[in-house]
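Each chain gets a letter, A, B and C, in the order it is written, and its residues are counted from 1.
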Amino acid sequence: MVDINYNMNILELKNITKKYGATTALDNLSIAFRAGRISGVTGPNGSGKSTMFNIISGRQNTDEGEIFLNRKKIPYLNIESANICGIIYVFQEPKLFDQISVLDNILAPKMIKPIFAAMREMNYDRHIQSICPILKKMGLWDKRNELASNLSYGQRKLLQLSRAVASNASIILLDEPFAGLFSETKQIIKQIIIELKKQNKTIILIEHNQKILQDLCDKIFLLNNGHLVNCEKPEKIWGKLL
Amino acid sequence: MFYLTHILILLSIYIILCLGLNLLAGNTGLMNLSQAAFYGLGSYLSAIFLTNFHLNFFIIILLTIIIMMAISWPIGYILNRIKGDDFALATLGINIIMYELVMNLTSITNGPVGIVGVPRPTIGNFTLNNNYSFLFLCVVALVIIYILTLIISRSSFGRVLKFIRDDEDTAKSFGYKTGQYKLTVFIFNASITAVAGTLFASFARMIEPTALYTSESILILSAVILGGLSNHIGSIFGAVIIVTLPEILRFIGLPSAIETQARQILYGLMLVSFMFYRPQGIFGRYKL
Amino acid sequence: MPIFQITLNGILTGCIYCLIAVSFGLSYKTVKFYNLAHVSLILIGGYTMLLFYKIWSLPFIPSLIISILLTAVIAYLIQKYIYTPLRNRGATDMAMLIASLGINAIISGLIAIIFSNQFQSIANANLPTIIYTFFNLSITKIQLFNFITTTFVLIFVFSINKYSNLGRAISAIGDNEETAKIFGIDTKKIIGRTAFLSGAIAGLSGIIIGFDTGLKPTFGTMIVYKGIAANIIGGIGNLPLSALTSIILGITENFGTYILNSQWRDLIVFLLMIIFMYCRSLKNAR
């Protein structure tokens, strides 16, 4: 895994450009995220926030630009290498394994990865013990044998988040984790994010809600038209916007 | 009674085929439209060995398995990158390619005539000319393969296959080398078809290119889907339908001239209505 | 000089593939799945013509029109009553493909029962084949018909694509169906019309195949599969390019038959299809 120096930029994008045909989604974007902090990313719709996440998580290629992890350049970022770097993407619209159970979903990050070992693994008790507290906190333990597609929207978002927690990723990309949720669920998610920060995880948060950004984030990045407009501590940025 | 053993032998062979395809299509989501081609290829390989070399039957099964695994490795590797319904069409192409190979390499395969005179297995001094004894062999093979596929689907490996089926990218993002998993299942399925093919070639004492028709592959996949994807009982049920439907049709007095067509039409009707009303098949939980 | 004759024959074979490829591509552009029932549409066209023109001895033009219309109508009905409802229930691409396999099985099974499994040709074997010669090249009447109609169809389809509202709507739906709906395009109507058009062209190709090489319900599908493969090689949504690859396919096939043994020509087509699918996935993937 990654050796993290908590005074450095753990993740840095330099001069990233991404075009879809005639549209430029990201235009010479340079942005740096500090380790162990909660960084907020905001901006109008279409400013490139989700595209940036797609690129960081390895789901899309850049046309130009470089990405650095811990000051070291990543030569080729795809989904597999993103996983090795400890990056995980929590989508706004929950992406789960719909046709298997909640329990299997959350076991996914925990099981043995190499093939022939996986063929021999039949007993999940120790895994289940380690994720039981997470599921209970989310209120999903009772639903552990339900198919993921049968859950409500809020439960699906919680499940996706708990999977990310269970994966022990060190860089967690959250795309509007609070969107469309009741306030109780929002509180749970807020608690989880605070807990993650205590565990020294790096969190990058796309969010439109100013209050949430102000409460949670150590630093806020403002994106517009595919490049960085401003980055400030929360108190300062709202002063400038208002 | 003789007829019944004949049916049961065919049934065991088809169950074996369906179990293998189920692992690939039901658990992993790779809709393979070339199962009959691999099956036919396995039959041809074993037929060539059985007619030309006088080796022990089980050694020949092993040889066929190894060669099929070797052949399926590069095929699976290339298919790994092709997604979704492109994959289905690509496997259809593979089926056609294999059929053409079998039809045209006449020096090895005798072309359209096929290979005849394939002997029954000989264990020690005993030759399984009797259908009952051959059925026993088939059942043994079936039980072994059933247990193997069950273990695989119940293990972590099987769970990961389902992750790949539902969302391959997300599975990758958790660190699973999905390409390796897909290749492994593909090669495993190929070895299963090798066994089924050897059993058939030896049972029927011959093999023809008609076994590699695309319609056969479509039939086997349809059976697995109708029975219920990623469900073992569903696969068995699907195989039962394949084998018994023609018999039922014959029984109710359908003229034999339109038998194959009637079966085909019934299959088509079942497929379309199932896609509408019950996409998970009869016993399955996975909706296509 | 045989080269020109072979090239001509190749272009003519390519014309058939062209019709199949273009009609298949039109269908795919709007519904976004591989409609394998297309095979049976071609059979419907050919066998209806067989019924009207040869068996019932009706005159040529009315039989032609009826057969094409019938195929188009059936294609439209399948789209309206089977594919669209399935999509509305949230069927995946794979489920649609399986359903189309089912429909293909039903239709080709019915045709096989009604017309028997034997190889049949619409052309009257007793009449001498009318051959036209020009510049030392010969072409039969049906091949000339093939060429002329294919040219017309291509011109028709390409101009619709580029200049008409229908064409623009098809491209819009091809890019993104949801967005097209937002822009006020009645996607159901457009998809229905495209199915009609695609069916008509498929029917026409079936008729030409019926005259030229003959019909056989179960294994005549090879020609259709090759047309589909040509479409994929050319780029599934790209009609002009797949028309071009179809012609090239026809030419190389005929040359292949002349120079070497013809046995591998089918295999090569599908090998190319898979190679192209693979290369395309490499380009798109990470």
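Rule of thumb we're sticking to: a residue touches a chain if its C-beta (ideal position, glycine included) is under 8 Å from a C-beta of that chain, and two chains touch if they have at least 3 such contacts.
Note that this is a predicted model, so its numbers are computed, not measured.
Comparing each chain's Cα centroid with the centroid of every protein Cα atom identifies chain B as the most central. Set against the Cα centre of chain B, the chain with the most distant centre is A. Averaged Cα coordinates give chain B a centre that lies 31 Å from the centre of chain C.
Centres computed as Cα averages put chain A at a distance of 42 Å from chain B.
Computed centre separation for the pair chain A/chain C is 47 angstrom, with centres defined by C-alpha atoms. Counting partner chains per residue, chain A shows two or more touched chains at residues 58-59, 79. Here chain B touches chain C in the complex through residues 31, 78, 81-86, 88-90, 92-94, 96-97, 100-101, 103-104, 214-215, 218, 221-222, 225, 258, 261-262, 264-265, 267-272, 275-276, 279, 288, going by the rule given at the top. Across the interface of their complex, chain B is touched by residues 33-34, 82, 85-86, 89, 91-99, 101-110, 112-113, 117, 218, 221-222, 225, 228-229, 232, 263-264, 266-267, 270-271, 273-274, 277-278, 281-282, 285 of chain C. Here chain A touches chain B in the complex through residues 57-59, 79-80, 82-84, 88-89, 95-100, 104, 107-109, 111-113, 115, 117-122, 147, 167, going by the rule given at the top. Here chain B touches chain A in the complex through residues 151-152, 154-157, 159-160, 162-163, 165-167, 169-177, 180-181, 184, 285-287, going by the rule given at the top.
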